[in-house]
Amino acid sequence: MSPSPLLTVSNVSLMFGGVRALNDVSLEVQPGEITALIGPNGAGKSSLLNCISGLYRPTQGSIQFHSARGSQEITTTPTHQIAALGIARTFQTPALYPGLSTLDNILTARHIHMRQGLLSGLLYVGPARREEEAHRARAEEILGFLDLKHLANTPAGALSYGHRKQVDLGRALALEPELLLVDEPMAGLHQEERETLTRYLLELHFGRKVPIILVEHDIQLVMEIADHVVVLDFGSKIADGPAEEVQRDAAVIAAYLGEETH
Amino acid sequence: MYKRYGLVLICLLALLLAACGGSTPAEPTVLPPTEGAAAPTVTQELAAAATETPEEDGATVGPTAEATSTVEEEAETPTPEAEAIDLAAFSEPTECEVDLTGQEITMYHFGDLSGAFALVTQPLVAGLEDAIEVLNADGGICGATLKQEFADTAGRQEEAQAIYERYAALDPKPRLLLLYSSADMELLRDQTAEDEIPVLSAGVSIKAVYGEDGQSPGWAYGTLPLYVDQFGLFCNWVAENWEGEEPPKVGHLNWEGAFGRSTDTPLTREYCAAQGVEVVGAEYFLPGSPDVTTQIQTLQASGANIIYTTALASGPAQVLKDAIAIGERENLMIAGVNWALDTTTVALAQQAAEGLIGPLPYLWWDDTDSPGIQLITEQWTAKGRAPDTRNVGYIQAWAAVDLYRELLTRAANEAGDLASVDGPAIKAQLDELQYAPMGIVLLDYTDGRRTPHNARIARVTFTDGQPRLEALTEELETPSLHPGGADAP
Amino acid sequence: MAECVVLGKPCFLLAQWLMTGVMVGSIYSLVALGLVLIVKASGIFNFAHGYLMLLGSLFCVTIFQALGEQNLWLALLVTALLMVAVGFLIERAVMRPLLGQPLLTTIMMTLALTQLMQGLITLFWGVSAIPLNIFVYGPGDMDPATGAALTGLPLKPLILESKSWLGGNIIIKQQFVLSFLVSAGLVLLFTLFFRYSRTGLVMRAVAENPRLAQAVGLRVYFTLGLAWAIAALLGAAAGIVQSGGSGVDGNTIPLLALRAFPAVLLGGLESIPGAILGGIIIGVVEVMVTGLVDSTTGQEFAPFLVLILVLLIRPQGLFGQREVERI
Amino acid sequence: MSAQRLSEWWPLALAFVGFVLLPALDLLPTELLRLLASIGTTAISVMGLNLLLGYTGQVSLGQAAFVMVGAYTSAILARETGLSFWLSMPLAGLAAGLVGLLFGLPSLRVRGFYLAMATLAAQFIIPWVIKAPEKLATLVGWLTLGLVHPTWDSTLTGGATGLQVPAPVLFGSTLDSTRAEYLTVLAVVVVAFLFQRNVVRTRTGRALVAIRDNERAAEVLGIHPYTYKLQAFFLCALYAGIAGALQAHFRRSISPDAFTLASSIEQLGMLVVGGAGYLAGPLFGVSLFRLMQDIIVRVTPTLREIVPRLLPFVAQTDVDTSFRPLIFGLTLMLFLIYQPLGMAHGVRQLAARWRARVPSR
């Protein structure tokens, strides 16, 4: 293992009322790798993702993020600050802003990179205008990467589900993240859409070296693209290692793969 | 599909309400008319209205014309009993020297017809309608037909402003405007002065009539004694007639708002103290507050044995009922501003209103000697008006119409025609007015005072279960207690 | 005898204000109960509650007078039936088309309902104030006009003898005793209803997720209609208790409903005991501040200050459950 | 140019026409100018509400109270310091904005109608303070344990009776004509509209919409919801304050009874009917309701004749009194059921349908 992980999750537990959603989970994410989180429904995959992105506060344990700007404890950091540190995420059901155009949806994610405030926004002259235009160009670039330029002015509410998933990804990219959390990107997509999205993920991984935590049900996809797989079951980690290794793990087969194949 | 039914059901709701509520507006359980006039049922009222309506448009024949002529006679030759009220001396109408036949005069007025003042103002509108009908049947103003135009502000200042602007923009501008509430008058006083439209205001806070400094009358004329003057008169009366063992001490218990806050000023406190009547405190309550017992007890704790309330309708009713409900009625004299002494209070408080006391600056329905009141009662009965219109508003309306006639007649006589009678011309007449419209209230603006300055002290009593306002005094001169007023300490 | 004085006020007055506060609070509680019930059963915060109160008291007074002011119980029964009908109508006509719409839309709809009801009430009853003779001047008073005994409760205070130890007696308005008893009875009734009756359980399920409830075969529309009917009934109850004191005045009753809103939030929005306790606390705060500081501060400021404090410190209210938001 | 752009630009075009027609203003009836000025003043306040409700998704029941803060601030500045209206107006906006910020504080922890309740509190507390500032002074004294003893009293605010306010002065001439009022209001409306548009289409605006549509997702993008909600409250109240200042100086009299909850609710209704979340929404909504009111007033004499004949139980004086809330309520209901996105949305749909037709020709 590499000596300097990007993200360290140590002994995280999460309680909802009396229900234990996560139980003493620890894992490490290495820079430049795709880490996959798998497990049956209700195993706690999304809960863990939510803990990392700050939407849930772990009941116990800690999460550390070691970015280029230094290490930081982010266990109790507010969500928006975690985003500002460079952790972006997508949602299982894309949470786009239906009233805004595709381009504006992407631009929304440029928020942390922009400086203009209320007053300069009101006046919209000089630097404010230049900044706005620069970021608009950047957003268009991302749309170009996702081949969505033709939809730039379409309201997000009018997009197809597949396109919405892409825009959601694009929006996460617009943050220029140091770590990207992708929550079940393939859920609800056709084969063709899956292939497109997989292509973008791989392109991100190989082209831009963006480290990714991927929560996914599609075992085949996970085994194909993940460098490192973590298996959760009933909130506990039952396996952790390179894809091939995990695939052979007896406990995983019993708890998860066995269940999947019957 | 449910959307399709939405409208239908709203209509059904309306019909249900109609079925339940429509047929019985306020039965006349509280205040049947005095002199054996049978309480009109709703159906009679409608039947009457239905038969009368076509005749209205026609000639000046019919019962209304008769009724008017009687009164004209009586007004011109006062009966011996009427001499007891010196108001009658000022109620001689001016003769016409011009013929305005064929012309039309519009009486503009607006105010809160659906908010907190509605109970007083709605009967006012009804009264204006009846009075104008009678006036027109009797030949109008030197032949010109009078009509009214009014609007409802729902007690909202934005509305009052908008309506005023609409009226002020008319060509020709209204010659005279009638407003009901202090708040509206306060809002519009500068604007009316600028537009040169004189205003008769039934709301008589100091600021409404005399402006912010209390000394700038502008174009506003009150139709009642200032609320502070009324209270001053009350203090005078208490000073002379107090029989309690402890010295008289007044606690104010008023509605929150411009109206409620208009009575208690440093000047009235000082004036009353000089008469030997101490004001020991002022408490306020919001319309809709379920309880005023705490305020009553607080005032009592500071020594008050008199509660003076500047509120109307449910306000005084609640004060009266709460005083009884805590068993303190016998220990307190409860008094109020003229509006508190109104029918609506008695209707709501019923027997609990017994003994409510206060200044009464106009004749009342019970002053059956007065020809003016006789006419009004007669017309009220003939028109089949609902019992809840038998209040101060209805009386004031008749007075206002008579005043309108008088002012326009005088101004037209002077000018020779109607066209040159404008706001300033009416103001000139108002400034030297000394007239008691219908013999009901003496409007005397000759000494520079912008409000009437006499009233009686009256009390609510029940005889044979019928409420009436019993006058305890003759007409008395009120002090003048606005800043700069003659009696201001 | 040494006068008992605390905070510069005689003890019996302080005790009196505390008692008055509880009793005034019981009226707020009654109003709050109607508001809470509709939140609990359909998730809607009903700004039109004040007009349900007004409508209820107008129905009651109109029928009471039509019956010659002789039979209050029959008038109350007929009023109750009419209010049930009104409740179902409101659900059917204006709330059902909004099922599944955002919260804001339903808030706006109840505000629109306020205007509509105000208009309709003015159209049919005018703006007159009407006495409702639940409380009459003295015990056994005769109506001097007819000679008939006046029906209704005598307007006589209950006096708690406390002169010997507090320096004065404590006096309670009968209207408040009535509202207190009505509130207490209704609270018991609805607590049992929600806990034990099947309809109560269905109501909770419907409020949670109407679409899901529909899918599993619950009678969603009927249940929501019933919730509105109950809210309308409670509105009428509060309206009648209040009008019994000061008469049916179309301008003041809807204002009273607004003043109960802090009570609802203080109680925790969905909690029946919360509504009651919230109402009483607001009542006590209002009356104590009225007594100790002054009446405007007590009525306009204090209840809303409590409201702001609740929102800042404990937004879920006294009895509300803090919701765990799951994504 | 898309239909969206068009529907957002037309008010500007209209404003342009309004100015160009300047020399022709004298030909227009004063009544019309006053109506337009009144629409404009209300629209400014509703634009603020639009930023809060339409773009940020937060409800306010206290807009009239914030208008009140603006009106009083400007009036007091003008009276006490003789400050020019052109300075006191923005200061009034600022003061109202800060007060709005204060009442927006609970938005940290509560949403939906909990927040509506906080603003309802504003609707009660603000008039209380204005009627009796000495009570606030006492309160401040208590809270600071006697360290600060402000000496405010009601002579400053005029207490329950309110204040007279001087008319604005521009280059030595007093702006007290309807024409001057119309032009001033028009100018402020145009600036307010441009600001609103700028805010909405830039960083802040996108953050507001992100919070409205999905607060969690907004946080994940690094947007701090609380900061932006507070900004929205500030802007909303700022607009209200500007509207208040205009109202105070052109009406020249203000009283604490004039800023009611009913007016707050009416503004909400106007916004929803006009189209919350659309730039043109406030102008549409305010115009519709003001015109409707105007029409009702104009037909009232006729209604007073007809209605009591059709519905015999209706008193003549109750006709317009009941019709106004009735029609307001019904209009709002119908919009909520059939067009919950408001007039602006309807216009946009029509425009889209129109454009869809064009190529087929």
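We just call them A, B, C and D in the order they show up, numbering each chain from 1.
One rule holds for everything that comes next: a contact is a pair of C-beta atoms (placed from the backbone, for glycine too) under 8 Å apart; a residue touches a chain by one contact, two chains touch by 3 or more.
What you are looking at is a predicted structure, and each value in this text was computed from that prediction instead of being measured.
Contact tally for B-C versus B-D: the pair with more C-beta pairs in contact is B-C.
Farthest from subunit D, judged by the mean position of CA atoms in each chain, is A. With centres defined as mean CA coordinates, subunit D is found 35 Å away from subunit B.
Mean C-alpha position of subunit A lies 74 Å from that of subunit B. Subunit A and subunit C have centres, each the mean of its CA atoms, that are 50 Å apart. Contact of a single residue of subunit A with at least two other chains is seen at positions 55. In subunit D, the residues touching two or more other chains are 131, 216, 311, 313, 315, 317-318, 321-322, 324, 330, 333, 337.
Residue positions of subunit C with contacts to 2 or more other chains are 94, 97, 116, 120-122, 124, 126-127, 258, 294, 296, 300, 327. Interface of subunit D with subunit C (complex): residues 53, 57, 59, 105-106, 109-110, 112-118, 120-121, 124-125, 127-128, 131-132, 135, 216, 261, 265, 268-269, 272, 311, 313-315, 317-318, 321-330, 332-333, 336-337, 340.
Residues 9-10, 13, 16-17, 20, 23-24, 27, 58-59, 62-63, 65-66, 69, 82, 85-86, 89-90, 92-94, 96-97, 116, 120-122, 124-131, 133, 135-138, 141, 143-146, 155-157, 159, 171, 173-176, 242, 245-247, 249-256, 258-259, 287, 290-291, 294-296, 298-300 of subunit C are the ones that touch subunit B when the two sit in their complex. Listing the residues of subunit A that touch subunit D in their complex gives 53-55, 78-81, 83-84, 88-89, 91, 95-100, 104, 107-112, 114, 116-118, 121-124, 128, 132, 153, 171, 175.
Subunit B contributes residues 3, 6-7, 10, 18, 22-23, 25, 42, 46, 49, 113-114, 118, 122, 125-126, 129, 149, 151-152, 154, 156-158, 161-163, 165-166, 169, 183, 186-191, 194, 205, 207, 211-212, 256-258, 260-262, 386 to its touches with subunit D in the complex. The touching residues of subunit B, counted against subunit C in their complex, run 2-3, 5-6, 9-10, 12-14, 16-18, 20-22, 24-27, 29-30, 32, 113-116, 118-119, 122, 256, 283-291, 293-295, 297-298, 301, 313-314, 317-318, 321-322, 324-327, 344, 347-352, 354, 386, 388, 462, 464-466.
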